[in-house]
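Structures follow.
The following pair of complexes shares a single chain, chain A, combined with chain B in the former and chain C in the latter.
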Partner chain A sequence: MSVLQTAAISIQKRFGRQRLRRIMLGSIPFVVLLAFWQMNTSMGWLPPVFIPPIGTIWEAIYTLSDGCTGASAVLSMQYECMFTNHILSSLGRVGLSLVIGIPSGIALGVLAGMSRRFAHALEPIGVFANAISGIAWVPLAIVWFGTGWLTTLFILLNTVFWLIFFNTLLGVRGVPRVYENSVMTMGGGRWAIITQVYIPGALPSIVTGVRMSMGFGWRALIAAEMIGGDSGLGFMIFVSAAEYKIEEVFLGVLVIAIMWMITDRLLLIPLERWTIQRWGMVWRPD
Partner chain B sequence: MPAKLVVDRLSHHYPDEYTGEDVHALDQVSLSVEDGEFSAVVGPSGCGKTTLLNILAGLLPHTEGSVQVDGREVGGPGPDRGVVFQEHAILPWRTVARNIGHGLEIQGIARSEREQRVQEFVDLVGLSGFEDRYPHELSGGMKQRCALARTLCANPVVMLMDEPFAAVDAQTRITLQEELNRIAIATRKTILFITHNVDEAAFLGDRCFIFSRRPGKLKATVKIDVPREKRIWKDLLSEKSYTDPRDEILRLVREEVFDDEE
Partner chain C sequence: MSFIKGGGIELVLLIVGILALWSVLSQNIPNPSRYLPSPVSVVLSSYDVIWKGLLPNYIGQTLWRLVIGSAIGLLLGIPFGIALGLNRTVSDMFYPIMNFFQSISGIAILPIIVVWWGNSEKTVFVVILYTCFFPIAFNVLTGVRSTPMILVNALRTLGASRLRIVKDVLIPSAMPHIATGARLGIGYAWRAVIAGEMLAGRRGLGWMIFTAQDADLTAQVILGMVMIGVIWIMIDRFALRPIEADTIQRWGLVQR
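And now, the complex of A and B:
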């Protein structure tokens, strides 16, 4: 048996046949894309000004991380340490918007789901705000907050909050009445119903809301950073494009996509598996 | 013997959800259930059986009359009345054990005592080995056993059951009926059992209350004098003390169902 075969078998054992096949199938489009990219460079179809050679992307990482020596430099967000600085500030904004947007969206969503009066009061403004969600707020936000953290956070919160609010509201309304009644007949009060019935019952919908809001949030953030930011990946892409540093633009786009994939895989899918899948509330065909 | 549940001249009206017309659901219903008695309410569909149960459970306010449990007037839901619902009302996000202990958890009973009590009722309904399963992993019959154990474990004064076996298959239903009888012997609970199934009512009930069509009125009361220990399907089918009252109930219910067509 050759070394290659042994290695292949041990990889199969580690990951499992099914999973390995899925990963392989999923990576085919990426391999094709990379192959075309490489072919473009070697055949000289489009000049490097439009599509830079793959190698220059790596160089861009080094150029942008020039001042980044040691963890302290990275974490102190020194301006010279551009690349990590941009990643961290984008991540920080998304993180902060989730920390504020998820609890407040769930709280108000549950209230609106429970009380008709509250729903009547909040739904129209929600539809109104949703219609101009995301980047449509950017010009106004710049006038109000200038460029920087507040503007981007405002844009993000506007996206995250309403999505979570509406998904929670719909989720609570969809919880079968009999669950609520059964807790009431056991002597449970409002608080028991909220924490033991409404929130877990609405969780499939809330998780969808979190996923959607992160997806839309990332897009809104990048757009907001391009126009109204002073740091972040969107800002970096915009500045690099203006300076014709196409390889930095490519790098920024790639990092955004990879970061989204990581958050989805590492955060949202495990969260789903631990809650609603275990409870049999959704099925994931595998 | 003191009556545990007393319903006195209970009437209920409500406006129809779509037409707004006044619906007269219950009309001057009076009945009482003794301590440890198993009573069954039978009637054609739409006779207000479920309305009655919802009022007794405190989930629906009634317009006239009174409902008393252990001498206290009912106003809103409370742990003195446990309900087993028709659909699967156990929570999908709780394991079997945590569902069964839910009532005790709400009552603020300490964990160690709770676990002990839960185990007792897990064993009573035959769910041993399934304590850590989630409801979606159980069969329909097992879900209803779990619902039954949840209600019993909270130790209510009166147990109200709303067609709890209507959604399971015929074989499972027979088993569940015999098991409920066994549990009624073991726990001596005061039970009000609602059903449209005449055989079920006669098999389980010490007394059957037969309701008329809407507006639901108490039409007749039939006693079934079969000792609990003798209530096993294969023996009962040829037992006159069962078949006679069963036929009587059937006749009374059929009058209501077929009145229309004459």
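And now, the complex of A and C:
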């Protein structure tokens, strides 16, 4: 057996035949797309103003971070490191909105869900808030906070909070009464019911809410940065488009897609699956 | 009685409370007509735009864009998703790229579209189409793919043709996914319409709140936001949700 064959077999053993096949197959459309893109440039079908050559997108990273001296400059967000600054400021907003939005959404959702009469009344308000959350708030947010950090954070938080609040409310409401009563019979207090019954019972719904809020949140954030922001990937795309630097626009779009896929694939989907596996029993007792 | 039992009284009290808090707040801040106009002045501002015929016109335009855009998205997305899902090799091939395009939001590519087609009606339509096509096609593909092989094999054993398998097994079993994808896609499309109107400058509800903010007419901004919320709830409650629920009820059993 040649070295090549041995290597091929060991790779197949390591990663699994089916998975390898799927990865190879899945990369074909991407390769074809890239080939067409490259052909477009070399044949000159569409001018580079519309579709930039692939190489210029890679160069755009260097143009944007021209004068950036290294990791410490990136982390301290010096002005020269524009590319990483935009990524970091978008990510920072997402992180901050999660840090504020998840605890407050869950706390208020559980509180609202504890009284069933109030939960019923709050449901239409949650539906309404979700319906206008996102970009529809941008003009009002600009009036209140001006353009900048606060506006974009407000838009994102608005999207994240209501979805988590609403899903927690629905989750708590869906917890069967039996569990609540049985904890009470055994002498559990209000706090025990919250931590042992409501939150575990509502967890699958809460995690779904978190995943949805990120899906809508990323979209709302990009739009908010375009209209009312002064930094971030959406802002970068918008400004570059206005200056006809289309390679920077393409770069921004690619970064957004990759970042969203990473958060969704590596963080949210496993989290959701794990939660439903671990806590889903409480949710559906039969 | 069901109104009272279902929390109707609490709902009315809550809404009255929110409106009261809003009025008190707007009376106690400086320059309320700029920062937070009272509910009364929001209602009064609607008189002006309705009388001039602007509001109905804007709502009509926005809805027209949504309906046409998502109809084309459905007409293209559903057959496309089914076609890709028919063959396991083909569906394995296209699954990652569909997922990739699904995760690029239409709003993010809007600047590219504006560079390609300028601030025209076409731009808004392309964005709407893009936004709803990929979630729909992706969900249909997932639905067709998740059909249990045992059902397909059962029909094949009984000598069914390819067309028969598609018509009687794959499409019915993908129906719940199709309905969910449609609702998600149209939900994203609705937000894309609003953002597209703001950024591409086409007349509609999104444009109205955007220009009203420029002109310092905050009452009109709030009016537009309320309209956006109310219209979406109506679309969701009376069209999308019942269709989804009915589909899942009718076809969902095939899944198990």
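The definition used in the following text is that the second predicted complex is superposed on the first by the 244 of 286 C-alpha atoms of A that agree within 3 Å, B and C clash if a C-alpha of one lies under 4 Å from a C-alpha of the other, contacts with A are read in each partner's own complex, and residues count from 1 in each chain.
Heads up, the rule we're going with is that a residue touches a chain if its C-beta (ideal position, glycine included) is under 8 Å from a C-beta of that chain, and two chains touch if they have at least 3 such contacts.
What you see is a predicted model; the values in this text were computed from it and never measured.
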| item | value |
| --- | --- |
| Partner chain in contact with A:Gly188 - chain B first, chain C second, else both or neither | first |
| First (chain B), second (chain C), both or neither touched by A:Arg278 | first |
| Residue contacts with chain A in the superposition, chain B compared against chain C | C |
| Touched partner set for A:Gly126, first chain B, second chain C, both or neither | neither |
| Partner chain in contact with A:Gly105 - chain B first, chain C second, else both or neither | neither |
| Partner chain in contact with A:Pro52 - chain B first, chain C second, else both or neither | neither |
| Chain A positions touched by chain B in one structure and by chain C in the second | none |
| Residue ranges of chain A touching chain C (in the complex, touch as defined) | 21-22, 25-30, 33, 49-50, 117-125, 127-129, 131-132, 134-140, 142-144, 216, 218-220, 222-223, 226-227, 234, 237-238, 240-241, 244, 246, 249-250, 252-253, 256-257, 260-261, 264 |
| Complex interface listing, chain C residues touching chain A | 6-11, 13-15, 18, 34-35, 89, 92-97, 99-100, 103-105, 107-112, 114-116, 188, 191, 194-195, 198-199, 206, 209-210, 212-213, 218, 221-222, 224-226, 228-230, 232-233, 236 |
| Chain B contact footprint on chain A (complex, rising order) | 176, 178-179, 181-188, 192, 196-197, 200-201, 203, 275, 278-281 |
| Of all residues in chain B, those that touch chain A in their complex | 57-59, 77-79, 81-83, 85, 87, 89-93, 102-103, 106-107, 134-137, 150, 154 |
